[in-house]
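In what follows, a structure is listed as structure tokens, so that the remarks can point back to it.
For reference, chains read A, B and C in written order, and residue numbers begin at 1 within each chain.
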Amino acid sequence: MSIYRLALSAFGVLMVVFLVAPTLVLVPVSFSSGRALQFPPPGFSLRWYETIVTSPTWSFSTVVSFQIAVLTAILASILGTLAAFGLVRGRFPGQSVANAVLLSPMIVPVVIIAIGMFAVFASWRLAGSPLALIIAHTVLALPYVVVNVGASLRTVDRTLEAASMNLGAGPLTTFRYVTLPLILPGVLAGALFAFIVSWDEVVVSIFLSSPFLQTLPVVMWNQISEAVDPTVAAVATLLTFATTILFALATFVQRRSER
Amino acid sequence: MLGSTGCGILGGQQQGQQRPLVFSTSGGAGTEATREGWLKPFTKQTGIEAVTQAPTDYAQLRSMVEAGQVTWNVLFITQILVGDEEQARSYFEPVDYSIVKAEGIPENLRRRFGVGALQYSLVLGYNNEQLQEEPQSWADFFDVERFPGKRAFPGSYVEYYFPLEIALMGDGVAPDELYPLDIDRALAKLDTIRDDLVFFEGASEGEQLLRDGEVVMADIYHSRTGLLEQEGLPIRTQWNQNVAVVDYLGVAKGASRPDDSFRLIDFAVSAENNYRYTEYNPDAPVNKDSADRIPEDLAKYLPVYGDRLEQAVNPDLNWWATNLEEASKRYEQWLLG
Amino acid sequence: MAAGLRKASPRRGNRWAWFVLPALLFLAVFFVYPLYEMLNRSFTEPDVGLQNNVAFFGTDVYVRVLINTLRISFLITAICMLFAYPYAYIMAHASRRTAGVLLIAVLVPFWSSILVRTYAWAVILQDTGLINSLLLGLGLVDEPLSLVRNLLGTVIGMVHILMPFMVLPIYAVMKGIDTNLVKAAANLGSSPLDAFRRVYLPLSLPGVFAGSLLVFVLSLGSYVTPAVLGNPDQAMLGQVIVTQVQSLLNWGMGAAMALILLLVTLLILAIAGRIVNIGDAFGGRTTD
């Protein structure tokens, strides 16, 4: 038993090392004095952080990206969760076609989607607007929500819902107090993926953004399309640092409130 | 940090202001050079605002032109696209030579849909610490006995890195007898060193391979080897048989304010300003009267220095205009094995 | 159990069906229509007809790339599954703090773009990279190991990038499993391994299917990572499509390739759904 636990722990540690390895390389590189991703860095400097902090382009696009990603996550979570209920619990003709359509945004290469969307969005005078980016990102993010919520929904023991209804609770109350808590991990995982999809998306965003409205990945892409310099490592380091702190804080607050 | 940026997407556009001209560039240092070397002085002189965007993705340009919503004004155009007028006329406005005076620009670089602006070269870059002797030509590039080690080579984009021309020169074809390219012969020559090639996707990856000592030689832009040498690394440039390339400036078809756009081009290729780009990114000015203004310590890394242009091979744009698709497909299929 | 409930009330099933409608309408307008406009070009550019599809299947290199793409995607999915399952298991059953650390480790890679992560792997794996410098320095090897610009490099990079998409769905499902069921099985005399195999594993399978679906489909479309960490003779279809569309402006052929990729993927998912009920992860019937 203890050998088994030891092996499992060792495996966990190795996996953590594997997952964070590239980031561990990027952190020192972000403080490099050289102009390339070079490890070990030739010297120490803060010039790449200076570029980010002093350039309005970087901070503006960070705000834009964050807003678009949050709105995408909300929209995709609502549409996707509803769709997952329909697909898992519904019975209707053409269900497999609906399945295929909901999955397709993941399968079609993004550059193809980007060109198609640009043409249509441009004819609607939407291209270059924040709305276009939110809609496009929601399209790309929907499958992730549907797949995750669908998986959680399948494990829900429907006798619990039936019991709740038998005890006189309405469908909404049952959903709020029985079903939702059970599928919440899946919804959160889906929302997180949706956020990330939006936050990380480059190809469609390049087509739908304009020089006056750019998301962070588009700005980064402009930067690295010719030279992969340590600015992008600095951005990665800042984001990793900020989110890890936020995450730790959230865990801390949660634990306090449970006491 | 957040305070200065307003409220992001909720901020909206300022009303009543004229939008700045948009200049599409390749990205990275090229963007900075365009902005600092050309756009800022241009705005100062004319009062016309201009911003950069990057990278220049022709698929995006095609989308914009087809949708009739072109947000770019001025952009860099590859020489092969400029040479293919049949295709170029779908994407670019004919150059208005009444605005673009182009004095000092050689006659053959004043094309219908673009004006020559920057000169650069594909060269044989090598590591003179790892190699015992200096490679003298592309034939040496293919000689793995005398020059052991890996070589960096393009993993796509025949029209940017000219791997077919290089293979033929490596096989002993004289530079002035390259065209029409014998693609079969070129690929057969490449087969002989296939296991010694490391393929890169973009120029920055090629540069990284040289920098880290992963390869001893590379088919790469002169700007990259020059920057590595200036950093004090043991990377040198063999200018013999360099492949000379010209980047053109043109105006996107259907762009707003074409007159202002051509004024910007006129400014960028003029003798007083063409070289200013070079101060930030070591691509050479095409304007002969502008090249003289570059200080010696910078000039020696440029393809227009000394007799380098005479040693250069000039790609046959007519051949490329009709054979790009075929050449690209054949090379891609060779890469795939 | 659920199937029985549903059979008893077929009307309810139909009412649930309406919940799909908003998402479907949204996709119809903002995805299917634009996609149709683009994919239609495969039959109209440069001429009207099937010439692009004929050219694709007539070019044996392209067919080989398609097969190679599928092969690599299966491999990546299998590897991710193998590593993600125990990892998600630890996460779901560890103390809150450990689980938090493990979760952060999964999320950390997300904060740097795929291209940057890929370059970081090149820095780690190449001949003069971190691992080889270490091995050479310690005298463990005489020549650098070939860890990158081959299939191994592609696999390492892609497994790393896609791992979160396998871990999180499995974790989310495991969190919802009632551990009392496993305990009950153990109390009823099953060995721990047996209880795991007969109770826990089946309950966690929807997460495994969901994760596999995400990873497999994402592998099929990837092009940045194989381009940088792989070798051209292992190229994937995504790379070839990007070259056609962005470099050659050959949209007819690019669209044809995308359409073929879409249809082949849907076909495989349909077949897989029949064999292991992978479709259930997405909708479909419950396996009781």
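Rule of thumb we're sticking to: a contact is a pair of C-beta atoms (placed from the backbone, for glycine too) under 8 Å apart; a residue touches a chain by one contact, two chains touch by 3 or more.
What you see is a predicted model, and the numbers here were worked out from it, not measured in a lab.
Pick out whichever of the two, B-C or A-C, is joined by more C-beta pairs in contact.
A-C
Let me spell it out: compute each chain's centre from its C-alpha atoms, then which one is farthest from chain A's centre?
B
Determine the centre-to-centre distance between chain B and chain C, using the mean Cα coordinates as centres, and give it in whole Å.
Each chain's C-alpha centroid was found; their separation is 37 Å.
Roughly how many whole angstrom separate the Cα centroids of chain A and chain C?
Here chain A and chain C have centroids separated by 15 Å.
Considering chain C alone, which of its residues make contact with at least two other chains?
As it turns out, chain C has residues touching two or more other chains at 119, 129, 245-246, 251.
Can you list every residue of chain B that touches 2 or more other chains, as numbers and ranges?
57, 59, 205, 208, 212
Send over the residues of chain A in touch with two or more other chains.
In chain A, the residues touching two or more other chains are 37-38, 111, 115, 119, 221, 224, 228.
Any idea which chain B residues touch chain A in the complex?
Going by the criterion above, the answer is residues 1-2, 4-10, 13, 19, 22, 26-31, 51-55, 57, 59-60, 63-64, 66-69, 71, 202-205, 207-208, 211-212, 227, 231.
Given the complex with chain C, which residues does chain A contribute to the contact?
So the residues of chain A in touch with chain C come to 8-9, 11-12, 15-16, 18-23, 25-26, 29, 37-39, 79-80, 82-92, 95-96, 98-113, 115-117, 119-121, 135-136, 138-139, 142, 144, 146-148, 150-152, 154-159, 162, 182-183, 185-186, 188-189, 192-193, 196, 199-200, 202, 217, 220-221, 224, 228, 232-233, 235-236, 239-240, 243-244, 247-248, 251, 255.
Under the touch definition given earlier, write down the residues of chain C that touch chain A in their complex.
The contact residues of chain C facing chain A are 1-2, 5-6, 10, 12-24, 26-28, 30-39, 83, 86-87, 89-90, 96-97, 100-117, 119-121, 123-124, 129-130, 160, 163, 165, 168-169, 171-173, 175-178, 203, 206-207, 209-210, 213-214, 217-218, 220-221, 223, 238, 241-242, 245-246, 251, 254-255, 258, 261-262, 265-266, 269-270, 279-284, 286.
Under the touch definition given earlier, write down the residues of chain C that touch chain B in their complex.
Touching chain B: residues 59, 61, 64-65, 119, 122, 126-129, 149, 227-228, 231-233, 235, 239-240, 243, 245-251 of chain C.
So in the complex, the part of chain B that touches chain C is made up of which residues?
These residues of chain B touch chain C: 57-59, 62, 155-157, 198-199, 201, 205, 208, 212-214, 324-325, 328, 332-333, 335-337.
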